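Heads up, the next two complexes both have chain A, just with different partners, chain B and then chain C.
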Partner chain A sequence: MTERRGTWVGSSVGRREDPRLLTGQGRFVDDIHLPQMLHAQFVRSTIAAGTVVSIDLSATLAVPGVVAAYTAADLDMGDITAILDRPASEFVQTDMPVLARDRVRYVGEPLAIVLAEDPYAVEDGLEAARVTYDADAPVVSDEVAMAPGAPLVHEAATGNVLVDVSMFATEGIDRIIDEAPCVVRVRAKTGRQNALPLETRGVVASWDARDEQLLVQTCTQVPHQVRTVMAGCLGLAERSVRVLVPDMGGGFGLKCVVGREEIAVGAACLKAGRPVKWIEDRRDALTASFLAREQRYDVRAAFDGDGRLLALDADIVCDMGAYSCYPFTAGIEPLMASAELPGVYKVPAYRVRGRAVTTNKAPTAPYRGVSRPQIVMVMERLFERAARELDMDPVEIRRRNLITEFPYTGINDVTYDPGSYLESLDLCERVLKDEGWYERRGAARSSGRFIGIGYSCFSERTGYGSAAFAKRKMAVVPGFDMAEIRMDLSGGVTVTTGTMSHGQSHETTLAQIVADRLGLDIAEVKIHQGDTDRITYGFGTFASRSATIGGSAVARAATALGERLLALGAHLLETTYDNVELDARRVRRRDDGRALSFEELADVAYLKAHLLPKDAEPGLTASATFDVHGDGTFSNAAHGAVVELHPGTGQIEILRYVCVEDCGVAINPQVVEGQARGGIAQGIAGALFEEITYDEQGEPSCASFIDYKVPTAGEIPDISVHHLETPCAFTESGAKGAGEGGTIGAPAAVLNAVNDALRPTGVELDDTPIRPETVQRALATIGVFA
Partner chain B sequence: MTEKLLISLTVNGRTHDDLVIESRHTLVDVLRHQIGLTGTHVGCEHGVCGACTVLLDGAPVRACLVFAAQAEGRDVRTVESLASDGEMNDLQRAFSAHHGLQCGFCTPGFLMLAEGFLAERPDATREEIREVVSSNLCRCTGYQTIVDAIEDCARAREESR
Partner chain C sequence: MKPAPFTYHRARDVAGAIDLVAELGPDAKYIAGGQSLVAMMNFRLARPSHLVDLGGLWSELAHVRRDGDSVRIGALTTHHEVETAGLGLLSEAMEWIGHLPIRTRGTAGGSLAHGDATAEWCLLALLLDAEIIVQGPEGRRTIPAAELFLGFFTTTLEPEEIILEIVFPRSGRRAALTEFAERRGDFATVVAAVDLETSAVVLGGVAPAPVRVPEAEAVLASGGSFADCAEAAAAAIDPPGDANGSAEYRRVLTRTLVARACEEAQS
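Here is the complex of A and B:
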């Protein structure tokens, strides 16, 4: 272990990304324009389930400006296939064709790609397309999907179940529950959401004859995985595909899977012999990209008379939509939920069944938090309910059950590294008490107003390494990452990372880590990401892996380069390795202080190689990898929300929001706070506002921002963020991941606060989003109307 | 089939008098793809998200809801006009200082919204700023730091007057 906090790490330095983004000089996919470029859009299915009888594109091709239109039959493309190495009883493979061939499985499924000279003409072309179908009855919910005799979305998936795992069945759990003095049950459903990066998906594909490569400029969180699928589907060698990622307008998980449109654009570019751009419009982004979050829980928890948890018995069903996503598969949600449900609490007995169900809806991708917003919500509801049953304080019952000794290996076979579970909850409660919210709640109640206080307490596994993903039995095991560093003649460095920032500030935070290792200014550290030609390999950015795994890889590469500089310096200063040190961009002799600057060392390494030691290679480069061999590192937080319910409108107003978070060493505290606040805003969105529903024909209800209610500054409150710090013992900077916690904790805190406000009514709500009319109905039960 | 129009647009003080467009072309598309000012972004094309906000005669508008032909003879200002001589203006610096942007996609829209609003209401309160900020969507920040940045810039401008 090396130093944790230096000049740069731990400091809220301004972001390297900001100047270009603030002056309109960022380069997003839609800003790229190539000579001869064609514009693409997709003819999409207008029905949720059925067989395509005919696709007539003759009128499309007659539209002025339209150049070509291709169906699956015109383009030779393999399917996108995501696999878990599990027996057929646990996992059913469903291949996703790039363009649908005969069967369509959701409204919006791509059937043909149309190319035109300009983006207006391509829309004209889509309008002229004529598709006829033989429609089937669609499967529009998990309940319909699992009903006896339901139509099958995929013939191979009996009962429409893609993943079915039963885990951790503690012996005697039924007896424990039967004999427990207090058993509470939560049945909860969470709405289908869109991760909603403000920049929709987009690709520009072009053939580079000089490099003999398909150049794919795309906004993806996983450049190398896009390369693999592109090469595989099109029958190209990986080296014949270069994925280049420009600035990205957010992703939040939606862009960490490979989209069928990305592949189709690549194929269309090769077929047409011209560059092709596709920019997804908002309607397609809302209805036909990748969705998330729709799950159903039925969980029982048994407690003793003192509020100590005895057992947890859970049944989890995730509505994954029409296909498995690459590389994660439909297992991503149920496997996460099943493994992590116990969370921050000591659970002596546990049993869980987790299922992924396929329906005739757009497929799902991981979305910030991945099942953990739901499992935290369910666990926190269970504790609130048990506290009511046992007449205990809801914070106190949590305290009695929190893990407080580390490392702790849970019933779920997960080992938790040290965190501040109790401390964060205590501080969160103290802040709300000191600010007088308990008194205000009491005063409100006695004057007929409805103010409630709610908490959530959770940890978040970050830095999933190869071991953790291998445990899930993924055929593609993400985990390690790589970094390469080179010093140039100016004495600064260029560093590559396999991670892929899309708003998280890696050009700044990774530079902070490197700058400290070498004594450089961050302005002298250039971070390169998102280029499969320049970066040997990487798994991109998701699952809060970048600061932990990517950050540790760049730290190790920088340390290795530092060792090369020291060795060279010692040789040139005619002393031993032990007698030199790095100091202010120099290698300095410890004894007499004589020193050589990085420029002088680089000058020798590149331009005067004859002066190098006999066994030394010219140049100043180094590389390193990093992987996590255990169960990862757990960030934790406690959230406290205060809400007021407004009779009449049913509006839920958030009066106060406090977050106490611990992500280990915060490399850049301002960036960490930004992640927390932005994450909480997305959690509030899921708790109160956003849901994509479907009618009985499988038609999505939300085709625009008029119907899909994204919260604005009018709904999201100011949020105070407090930091605790329990450094990670095995990441190089001591950092734990910070990307997802806000989103994970917010729905539970808000839901608990709403239920606390509803206490006089006796009504308890467990489903999200909580709609105003639900609040109105609850208040009406005690005669409170507008 | 589609009739072409020859129009002139004045953008950031510079006149482009040879723009051949169709009547259906939106202002944002002409700014981005014909004039080459790609700082203004397109987030929804139906006037809700505000990523395409520009100033038209000083007032913030959704450039996806204005046809380019409607902007003829008017003064259009985009995010590219804010910095001068390579130096960001005070509002841009405030956004950076307060971490009012993460991915940066919505940012040009918020900057132009705030410029237009503060020109009209330099003494706006935090609550009034928050209400105006609610015109646009940001998915990364949770809005608080955007409000902080605009408020800080407004107070500094007031003090320097």
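Here is the complex of A and C:
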């Protein structure tokens, strides 16, 4: 392996994206204006469940400025189909039509697409549409869905269950639990959330007659998967669709699935013969895009008298809404939760059943962390509860159970590569102790105030390769990625990657990797992404895969180009390959120091090809792929939160937040810290603020940020981030993924801190989000009001 | 989230604006800072056919004039202008309104005309016995704040009337306003304001309109403790329950915030 840390890797160089983004020169989907472009919006279902009797668009078409309006019957589109290769007892396939045909399954489901000359007329057109329904009783919760005799959301899904997998069941686990001296149980429910990228979804589709291509400019994390579904649904060859992704204002997983609106806009463009733009408004983004995280846990953990975990028995139900998303399916949350629940702890016996139920709510997509915020919360609550039962220190009980020897193959058939589980927890605790928070908590308690300290301890599997996703039995197996590199006559390089930054600074971090491999300045490395015509295939960016998989592909391509430069240099310097090296943008002879610059080598490779060795190809290009063959690589972290509860209002004030993270070699520590802080903010959002609820008619409660309480800078505390470094052994840069950890650790740490503060009341809270009123009521149980 | 079609008119002076709205009829609406109206129009919850923009009338309607302890505030004065005018309670209370961009566009008169039950301007007007100077087709009249708010987003303003000025007879030297919301800048779940000089107690978020609480005021007037005053306020109200809090929780908040406002008013 090449030296991991170089001039650039490991350095907090400024983000190259920032100058354009911070001065308003970024180019987002909504900045694209094409001649003759029409504006689209969707007529959406106003009921949660029922049959469409009629869709009358005559008044819509009469609205000035409206050009066309199409229903499913007008557009020839195949359904979006996501499949797990599992038996019918474990997985039920449910196809998602691009536009609903006869059945509607959630409020906001698209029924027709309206095209108009401007974005105002199109909304007048929506208002004029007349849809009649034969309404059914909606299924608005997992409990309603699984009740005997419940109406069926999909005919094929008996009992409204889409996925039912009992992934592990250790023999004799019941006896272990029955005989254990300490058994604790956590029943927890987490709120339905929206991943909430600042930039809502949006697409501009146009037909390019010269290239004979449908050009789809869309803000997606997965350009090639959009191409594949677009081509499939519209009956086009893959080469007849080009997906081009401009700057993106976030995705967080919501944009790593293919949206039905994206496909409908492509179809409408072809039908209307004009470019079509769709920009999702915030109301649709909140209620009718993809949601996540609504899960219910019933978990028991058995411990011996010394606080050692003996067994874990879990029942997990995820409310996946109306449809399976492509390519992950409705299995995304329950399968992740089932496979990863044991986490950083040694679990000798494990049984788990994970189910996905379908309800009349907007469908779900992966959201940063996918189930891991919940499973970590549940595990950390179990340890806290066991510590209370056994009268142990909550940090000490974790220490006794943490995995400390690596590689470690767990009961969940996952092999964990080396990490710093114990070290990160120790450091996190030491920081809070050194800062005097334990004394402050003690003083607060004796003066009738409520300060609590909470921890979370977790690892996060990153770099899921083909092998890991194949274990999930997905019909589409994401895993590898590709990189291509070319050196130009200026001696710099252009690198194309199959990953897709939606805010993660890949133009900076991938350039740092390449610059080190070739001895270039990062200013000489141009990163291209988000263009399906430029690279053969790729799986985009999700699951913290880009630094690990994309970064390794890029590193390998750069290394391969370096080898070509060395071979050419050796030939021109009339020596052997072993006698030359890369040095400061040159190929240099080791013996006499004679050297040729990259420009001189490129000059020969492109303009004087007759000087090349006989068997050498002209040009200076290389390509590489990278895949992970094992179970991936595990980043880890410990989070510590200190909260104060205010009895008069129930307000939960976060006084301090400490994160000790280990993502291996940090390519750019500043970028890693940004990821941690942003992730923690989203984790706090889930713990304390955000939730979309539905009334009995299946109407969502949130149409704007008045009701959907995304926290602002005013609610997020200062967060200090400390780094440990356990390099990954098999990624090229030694990096592990860093995209999701913050979100994963925060809910557990905050929840534990709140429960610690509530200790004098005897009340324990396991459901999220925790609202101030809930805290106020808990404090009132012991007569504390102000 | 785009408004229904409307015709935009730009007013050149107050009299012209009133004539125009009278002529255009009931579907015409004034717009000042637009921080509430535009959002409602984007959701199509409000759909005026005509908007008469008062934004250009700042020379007539945007001012802060002090006269001893009394203050006259032009209706088009923005929250941010008041926030930075050094007016004691009035300036401090502005910090509770939304976020900075909202405060730089939203206006005092617009907020009163909108009549939100948790709006800081509405509470301040009630608390300090403000007089609202308005002009309509029939000429000028003065509405005491106590007679302005009718109920849920409704006031005693006639459709053609424009608020010209808000006259605060006193600045509230021993008064305070405080509130609670889950996020900074949100509409308050409950907002409380207290003036110890006049023994006034005003609440928002507990009824369809901002209200004075005579039961709590009586406690202050008779020299009772702040805690008793807060208790009386909590007992006197019959608050609504919704996603932001149950009725019982609003009572708890009322008790906490009235006591807190009393303490702050005294310090």
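The rule is short, and it goes like this: the second predicted complex is superposed on the first by the 785 of 786 C-alpha atoms of A that agree within 3 Å, B and C clash if a C-alpha of one lies under 4 Å from a C-alpha of the other, contacts with A are read in each partner's own complex, and residues count from 1 in each chain.
Rule of thumb we're sticking to: contacts are C-beta pairs under 8 Å (C-beta built on N, C-alpha and C of every residue); 3 or more make two chains touch, one makes a residue touch a chain.
Only a predicted model underlies this, so the values are computations on that prediction, with no experimental measurement involved.
In the superposed model, A:Y120 makes contact with both chain B and chain C. One of chain B and chain C touches more residues of chain A, and that partner is B. Of the two partner chains, chain C is the only one touched by A:P772; chain B is not. With both structures placed on the common chain, the touch criterion links A:G24 to chain B but leaves chain C unconnected.
Applying the stated contact rule after C-alpha superposition, one finds that A:I706 touches each of chain B and chain C.
Touch criterion not met for A:S54: it reaches neither chain B nor chain C. After overlaying the two complexes on the shared chain, residue contacts for A:S446 are found with neither chain B nor chain C.
Of the two partner chains placed by superposition, only chain B is touched by A:G14; chain C is not. Touch criterion met: A:L198 reaches chain B, while chain C stays clear of it. Within chain A, the residues touched by chain B in the first complex and by chain C in the second are 119-120, 281-282, 704, 706, 712, 714-715. Listed in rising order, the residues of chain A touching chain B in the complex are 14-15, 17-19, 21-28, 30-31, 33, 64, 119-120, 196-200, 247-250, 252, 279, 281-282, 502-505, 670-671, 673-674, 677-682, 704-706, 710, 712-716, 718-719. Put simply, chain B touches chain A in their complex at residues 1-2, 22, 24-25, 29, 32-33, 37-46, 48-49, 51, 78-80, 82-83, 88, 92, 95-97, 99, 101-108, 111, 130-131, 133-147.
Chain contact summary for the complex, chain C toward chain A: residues 1-5, 39, 43-44, 99, 180, 182-187, 243, 245-246, 249, 252-253, 255-257, 259-260. Of all residues in chain A, only 119-120, 123-124, 127, 281-283, 648-651, 689, 693, 701, 703-704, 706-707, 709, 711-712, 714-715, 771-773, 776-777, 780, 785-786 touch chain C in the complex they form.
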